[in-house]
Amino acid sequence: MTGNRGLWHWLTTTDHKKIGKLYGVTALAFFVVGGVEALLIRLQLATPNGEILSADAYNQMFTMHATTMVFLVVMPAAAALTNYFLPILIGARDVAFPRLNALSYWIFLFGGLFLTLSFFVGGAPDGGWFGYAPLSTQVPEVVRMDYWALGLLVLGLASVLSSVNFITTVLTLRAPGMTLMRMPVFAWMATVVSFLLLFSLPIITIGLLQVYLDRNLGTAFFSAAGGGDPILWQHLFWLFGHPEVYVLVLPAMGIVSEVLPTFSRKPLFGRPFVIFSGIAIGFMGFGVWAHHMFTAGLGPVAEAAFALTTMFIAVPTGVKIFNWLGTIWGGSLRLKTPMLFSLGFIFLFVIGGLSGVTHSIAPADSQQHDTYYVVAHFHYVLFGGAVFGLFSGVYYWWPKVTGKLLNERIGKLHFWLMFIGMNLTFAPMHILGLNGMPRRTYRYAEGLGLDLWNLVATVGSFTIAASVAVFFWNAYRTAKRGEVAGNDPWDGRTLEWSISSPPPEHNFDVVPVVHSEDDFWHRKYTEDASGNAIPLAASAQADPGHPETIHLPSPSYYPVLSAAGIFVMVVGLVYLPWGLSVVGGGAVVTLWGLFGWSMEPLTREDHG
Amino acid sequence: MIASGHAGVVSILAASPEDQELFVVERQMNGASRRRSVVMIVLAALALAACAGDDPTNLARVVGGDVPQNSLNPAGPTAAKVDSLFWMVLWIATVIFVLVTLALVFVVFRFRERKGRSRTVRQLHGNTRLEIAWTIIPAVILAAVAVPTISTLFEIRAAPDPEDNALEIEVIGHQWWWEFRYPEYGFTTANEMHIPTGRPVYLTLTSADVIHSFWVPRLSGKRDAVPGRLTNILMEADEPGTYIGQCAEFCGLAHADMRQRVFAQTEAEFAAWALAQTEPAALPTEGAAAAGWETFQTQCTSCHAISGTSATSQLAPNLTHFASRTSFAGATLDNTDDHLRQWLRNPSSLVPMWPERNDLAAGRILGMPDLGLTEQQISELVAFLRTLE
Amino acid sequence: MSAAVHEEHAHDPAHIRKVAMWVFLGSECLLFGTLISTFLLYRTRTGDGPTAAEIFDIPFTSISSFILLMSSLTMVLAHHSTGRKDWRQMRVWLVATALLGMTFLAGQVFEFTGFVEEGLTVTTSPFGSSFFVLTSFHGTHVAVGVLMLLVTALMSYTGRWRPDAGMDVELVGLYWHFVDIVWIVIFTVVYLLGV
């Protein structure tokens, strides 16, 4: 049942690199979907009293735009890069549980398809991406928000399984000599992210379950009429939701921490501090959640406490920014496209981070909350931050994955169009918010003075769309006639550049023995007395490594089968009570998949 | 440059419908004005950056112009306290942004490689003193900012001093309109609130269905109206005037059309208004208006109340003094006969609603249904409603 | 760390699975923590329905808690048997653990049907909702554990039984003890503190 091509090969793969590609392609597809949803929103808001979208269509658009971008684009894009590169960066051949890895992808894909299905069966979720109760539980007869709750539950499951997998991988499969502190920063950030998801997803799992029960069983967890408390939902959601935003941005920060040193020909300045600030952000991220609830009536003592914790989470963030500046200072900067996106990240994330600090000022937030000022803030950190960081990683690692370099001139066009478009779209939103434009409004009236900046933002959004089209053109063109990359096109510092482009299935012919951070760079260079880099002769670069027999995980169809069963189950759960039989059918499929999986040996044969 | 750019924008609130049409046509025809707008934006941004020493309030007017919901143009002490705190923090943030950007730009230009010729580069690994400095200094700045933040927070959240004789108003959010009750006077109205100037107003908020948020930016920050809970806003208007706002927590289909108007008046004018509101309705006894009252009793009283009559339902806006209001339908529509007629003909044509999902027993009201009224009934109802001064 | 030691320890599949189980249990802590927090918030919101003091039968629940506690003992004995490679004894103790677990579940079912008859259902009040959701979640975890115990016992008969069987039993044991500890917390917080 093996082969290297064809649908069956992709359905049954357990190779982390192929799974990474699956995540990547899926994320890009959803990026287009989410982008179209955004363009429709911007068209509607280009003029006052717009008539492009009805109120109902608009509310579905903004709900799905956010849900898509957060859960179906940024998270899987980071998952794509983590899947592909985490094992290689730590000198491993695969993750700890390859079939579980495949299961995570297929559950994710089916979750995304499940959410998309809603568009075709009566309407997509329309309660906002954080689905405040009791609005989310108000109309049980209409199933849209059941799709939302169940969809997020499914996606959360995929992420928790991934987190267990990645944490176990990092703790147990590092190459000999790769101590935790010698691990690349991207690997560190992926680990912190995995812990964030591990601990935050269970909280919202219960919350979503309670929403589902309120809607389908008549409980009153969040219904005031039944004795419940709508504010409990907000606490449960944001206890997940705030760590989630660090989940979204830390991988990008990890990428920036790899790209800047490479393209400055200097190591990351203050490496341990960058790592520790990432860990600090992870911890502190669990202590700031109620800053999303400053207007909910928590009382001044609670609001003051969360204002303080939120202010202080800016400190480790600042530490990273300053260390990045320290990295490029005194370097020899090659302004290639990956570097441009990382530099753009710094500029844009500083803006987003500072507007975040203004949010932490609780009294001021009473004006900013739920306005376009917030929309501006989070797009600066999520688009200017996470997306720019991810594109930096895409351009940086594209040659390793495909063997070809993306075109530089087209890449620079993409960067500048995206940079200009991004600022044109989201900078005016700060003004719109302060001028009184609330979020999630399908139209705004004439005479509010909101017209000009809305129009500017719409123009900006189409500029972004153009930049994305440029990227796809670059990808296509590179596939047809891209420049061959070779193993190490960037004079890289980390282990992935020591193997071929693309890498062999087993990653390393010989598992490396690691002697320092930036181990690969140290095989190519040494430092003289004043710290300058001196290239080493090629003969000095050979490393015997750590020979061993190579065991590769065999393909398996049980992951995709089990995931398909879960998909069938949640469809059934939407349409109770007659859906109960469907749930049963899906459960049978999943149990068959899990049982077969437990009986199946991990590897069929040895590769010598 | 900025002033002329503003002339290009045009304050539409003051303009007549014909002017608006002209403005739209003008904008479509004038590509040059669009280019000018872009230049204006860029120059405005630069001007903002350059005007480091100017009075922030003036800048706010430049940025906002004639903008009725402008939080940067406070009209009362609560909003003003929040505004000055915000500007203080914004200036600090701007300075930090400028410094970091300058550093970034400087480094990129100074150390960039030319023509693929790399330099020998010192492999600096770090500097512990710098790490300590750039951890401590931001923390100290933040701690300094925290002090006025916390004190302002407690100030604006405090209950009013009994000496100040605050006016108490109860605010109840509904989908998609606001109910205002004046317990000191004993009347209920909808969507339009009158308050006296120079005296604090203490709002107690809750909701009848989902979470809403009451927000009149020029008077105070927003506060959520949560079912099953009570929250508060302390606000005050310095000067008489009209201050508008809208619901700021997504509450469903017509969230964007859930608005409010606050009329700040002198004490005397306010007292006169309040007194008039406490009067029960004077019901008409003849003509179209009387016929309208008959129709009202059969078609409308399951949801609408008129004090002094047997119509007491609280599911929809209290209409006792409907004709005295300047707007209706969540303060989205001006209270004209044309609007009223169209509303009675087909409410969902003016504001999107889902009356088919109404469940009166459970208290779930998602809009006014199309009652299938004849034109005659509509005319009579309009005549009746116009008597409700 | 020398390369040899690292390889021996770190890439051992049994060790890897143990790390994964601990990581997974970390996640489960938050899951039950959220359920317990919800219960704590809602425990006095009894609406028109019975309160904790009115409905709980502490002596009965104490007995079923004791039974679950004993199942942890038999679990330890099962794991101990694998160390001596006494598969027969191991099976005995695994099945004993499963039986004790099933007895506990039977006790839960009996208790809950009683509550329903006395007027506390999942929709009676937030107290009822959060109580039943919390305890049902726990009960489901116990049921999954019973399944794992029986499957492990069964698998030991087949030729697929691996040399590191001790690790499989240890993994099931970790899970089982965790579920037991969660019950101790629930019993204390929900039952004992509730009355």
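For clarity, chains are labelled A, B and C in written order, and residue numbers in each chain start from 1.
The criterion applied here is as follows: a residue touches a chain if its C-beta (ideal position, glycine included) is under 8 Å from a C-beta of that chain, and two chains touch if they have at least 3 such contacts.
Remember, predicted model here, so these are calculated numbers, not experimental data.
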How is the touch graph of the chains shaped: line, ring, star, complete or other?
line
With centres defined as the mean of C-alpha atoms, identify the chain lying farthest from chain C.
B
Whole-Å gap between the CA centroids of chain A and chain C:
34
Suppose each chain is reduced to the average of its Cα coordinates; what separation in Å results between chain A and chain B?
34
Compute the distance, rounded to whole Å, between the mean C-alpha positions of chain B and chain C.
52
Please list all residues of chain B that touch 2 or more other chains.
none
Among the residues of chain A, which are close enough to touch at least two other chains?
228-229
Help me check something: in the complex, which residues belonging to chain A touch chain C?
96-97, 160, 163-165, 167-168, 171-174, 176-177, 179, 198-203, 205-207, 209-210, 213, 217-221, 226-229, 232, 236, 513, 546, 548, 598-599
Which stretch or stretches of chain B touch chain A in the complex?
9, 11-13, 20, 37, 41, 45, 63-72, 79, 81-83, 85-86, 89-90, 93, 96-97, 100-101, 103-104, 107-108, 111-113, 116, 118-127, 130-131, 134-135, 138-139, 142, 145-146, 149-150, 152-154, 156-157, 209-211, 213, 215, 217, 220-224, 226-232, 245-257, 259, 332, 352, 357, 363-364, 366
Which of the residues in chain A end up touching chain B in this complex?
54-56, 59, 127-128, 132, 134-135, 138-139, 141-142, 224-225, 228-231, 264-267, 269-273, 295-297, 299-300, 303-304, 307-308, 311-312, 314-315, 318-319, 321-323, 325-326, 328-335, 343, 346-347, 350-351, 354-355, 357-358, 361-367, 369-371, 427-428, 431, 434-452, 456, 527, 530-533
Which residues of chain C touch chain A once you look at their complex with the stated criterion?
1-3, 6-7, 10-11, 15-16, 19-20, 23-24, 26-28, 30-31, 33-35, 38, 41-42, 45, 47, 122-123, 125-126, 129-130, 133, 151, 160
